[in-house]
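Heads up, there are several structures right after this.
Shared between the two complexes below is chain A, which pairs with chain B and chain C, respectively.
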Partner chain A sequence: MLTGESVDAIIYGALAALNAERDPGDQIPMSPDTALFGVDAMLDSLSFVSLITDVEASLNLDHDLEISLADDRAMSRAHSPYATVATLRDYILEVVTEP
Partner chain B sequence: MTEDRAKYEGSVIVVTGARKGLGRLLAEYFLGEGGQVIGISRGNASITHARYSHYSMDVGDDRAVRAAFTKIARAPGRLDIVINNAAVLTSVHALLMPATRAEEMVRTNLLGGFYVAREAAKLMRRAKSGRIINIGSMAVALEPIGDSVYAATKAASMTLTGVLAKELGSYGITVNTLAVTALETDMLAQLPREKIDRVIAGLPLPRLATQDDIFNVVDFFASPRSSYVTAQTVFLGGVHA
Partner chain C sequence: MELRGQYTVLRPLQVEDAELTLGWRLGDRAGLLNRGAETVAEQAKWIASRPATELNFVIELRSGQPVGMLSVVAIDDINRRAEPARFLIGDPAAVKGIPVAIEAMKLLYELVFEQLKLHRVYGTVAADNRLMIKWQTSLGMKEEGRLREHLFIAGRFQDAICLGMTEEEYRSVALPRMRALIRGTGAEFSQVREAGGPDAHR
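So, the complex of A and B:
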């Protein structure tokens, strides 16, 4: 059963992988408020794609959850679930706890 | 030549449409060259080999494609080459084309190739290396009567190749198209012989393609030396768009 903390750990793990390839002065903060998508985003488009793909892969492979984070529902929301670490975590929890 | 032996040893290759025709030929070729081959087709496996495994599924079914690649991500856990070969053809005058057949061609030939490339790239990006080879068709250039939707799906697939090459280039993944001319396959057998002969006669090199013609270009695209070759379409037989 996924918890908020375990989802945070997955997202931070993916961000850590991105940070490993970035300059020391260009690190992405590990915070619930870190903007992932939109005008204030800390990630460029390629890093964003990598983040979502890595998180999805972790959910699929490590937690046996075959879910897509880039489905119609996510893309059609008025408020993007990708906006920050916290909104992404909440969206994942919403998707995985659906009946 | 020793250097040509087992050129795909240690490589994991996905071939779609692997049950028959060109897909089966390519699957058997990779197996013969030492590769580990994962075949995909709507029907059951037609190849039995220690290094061959098979998924019976429709590449036009997004959910099935995702599920298959999740399994591939678990074992063997890597992917080096994808041959996007699965395709269906209904050759009939546009005024007589049933919507169901037209939609099936779009779903399999275009969307199926996209779904497979998308999931394959997720695996390949981990290794920062990969080769996606889409099987195209001379129909794009020749625009044969009766092949309106088929040719359009293959043209769209070439455009897909170009865009994916841009999007996946930074992951070390190349995307290219091999546009084949007529080869003796089940798909070719669906067409009237007279039509085939007429098309062949009009080619700059007027003969059927051989297996080796195809393997040669696949080897070129798949080669580690081709890391700077992407977004390209090679037509066989002197056909050109």
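So, the complex of A and C:
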């Protein structure tokens, strides 16, 4: 069963992979409020897409959930599911609990 | 040929872009690209000598601000294939909060598959350029092989990862995914603008 904590751990794992490639003074903070895309975000497009890819891979490999985080569901929302760690976590929980 | 998207315009690279594009090419972000010109004159000569098998673009915001470059090279009408290349966002601050990079790739793929009617795109990426490999595979490319010690970059040989995507994969995987990412990230951008935040087009 996927919980908010376990999804947070997946996202933080993907952020840690990005941080491993970044300078010590340019580390992305591990917080629910961390912006993933937008004017306040530290991630550029390459890093952002990498994060989404790593999260999808982790959901698949570690939780046997083959879901896309970039499909029609993401398009249909009024607010971006990619804004912060917290909005991405909530979006993932919503997607995995869909009937 | 100019390609226009919601946030992005791809316009043909011109000799007048030599100084701008050389500055990008000599920047840290281009460290994993193949070596190119060292001077503005060399860059201008290089731009002027592009063959008919290439289409080279400057990536601009809708405001007209240039922010990067992108090409499709080795256009082969017989085998109906081509190679996306020289993808570089030279002004990352200008594109913050705007899905310019994703839309630029989408515009290029639309050109390749919708206008040029090609069947396949392919290319190689330096093995150390992990973010670019993940970027390309996330946007539909599949890893097809590895060329050992194929590239000499930053003072040493490194492997090249071979990537490719067919037209069918573009339509079934890449296009829907790029549309979703542009829309999903664009929604965030819209909120910022509507809230009176910084004008990210400047």
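Assume the second predicted complex is superposed on the first by the 98 of 99 C-alpha atoms of A that agree within 3 Å, B and C clash if a C-alpha of one lies under 4 Å from a C-alpha of the other, contacts with A are read in each partner's own complex, and residues count from 1 in each chain.
Everything below uses one rule, namely that a contact is a pair of C-beta atoms (placed from the backbone, for glycine too) under 8 Å apart; a residue touches a chain by one contact, two chains touch by 3 or more.
Everything numeric in this text was worked out from a predicted model, so none of it was measured.
On the shared subunit chain A, the superposed partners chain B and chain C overlap sterically. Once the two complexes are laid over each other on the shared chain, residue contacts for A:74 go to chain C alone; chain B is not touched.
In the superposition on chain A, contact is made by A:83 with chain C only, not with chain B. Of the two partner chains, neither chain B nor chain C is touched by A:30.
Once the two complexes are laid over each other on the shared chain, residue contacts for A:50 go to chain B and to chain C alike.
In the superposed pair of complexes, A:38 makes contact with chain C only, with no contact to chain B. In the overlay built on the shared chain, the residue A:61 is in contact with chain B alone; chain C does not reach it. For chain A, the partner that touches more of its residues is C, with chain B and chain C as the two candidates.
Applying the stated contact rule after C-alpha superposition, one finds that A:16 touches neither chain B nor chain C. Mapped onto the common chain A, chain B and chain C collide along 149-157, the only clashing stretch among 95-103, 149-157 or 185-193. Comparing the two interfaces of chain A, the one with chain B and the one with chain C have residues 46, 50, 53, 68 in common. Of all residues in chain B, only 66-67, 70, 73-74, 122, 125, 170 touch chain A in the complex they form.
The touching residues of chain C, when paired with chain A in their complex, are 89, 92, 95-97, 99-102, 130-132, 134-135, 137-139, 176-177, 179-181, 183-189, 191-192, 197-198, 200. Remark: chain A residues 46, 50, 53, 56-57, 60-61, 66, 68 touch chain B in the complex. Chain A makes touch with chain C in their complex at residues 21, 37-41, 44-50, 52-54, 68, 70-72, 74-75, 77-83.
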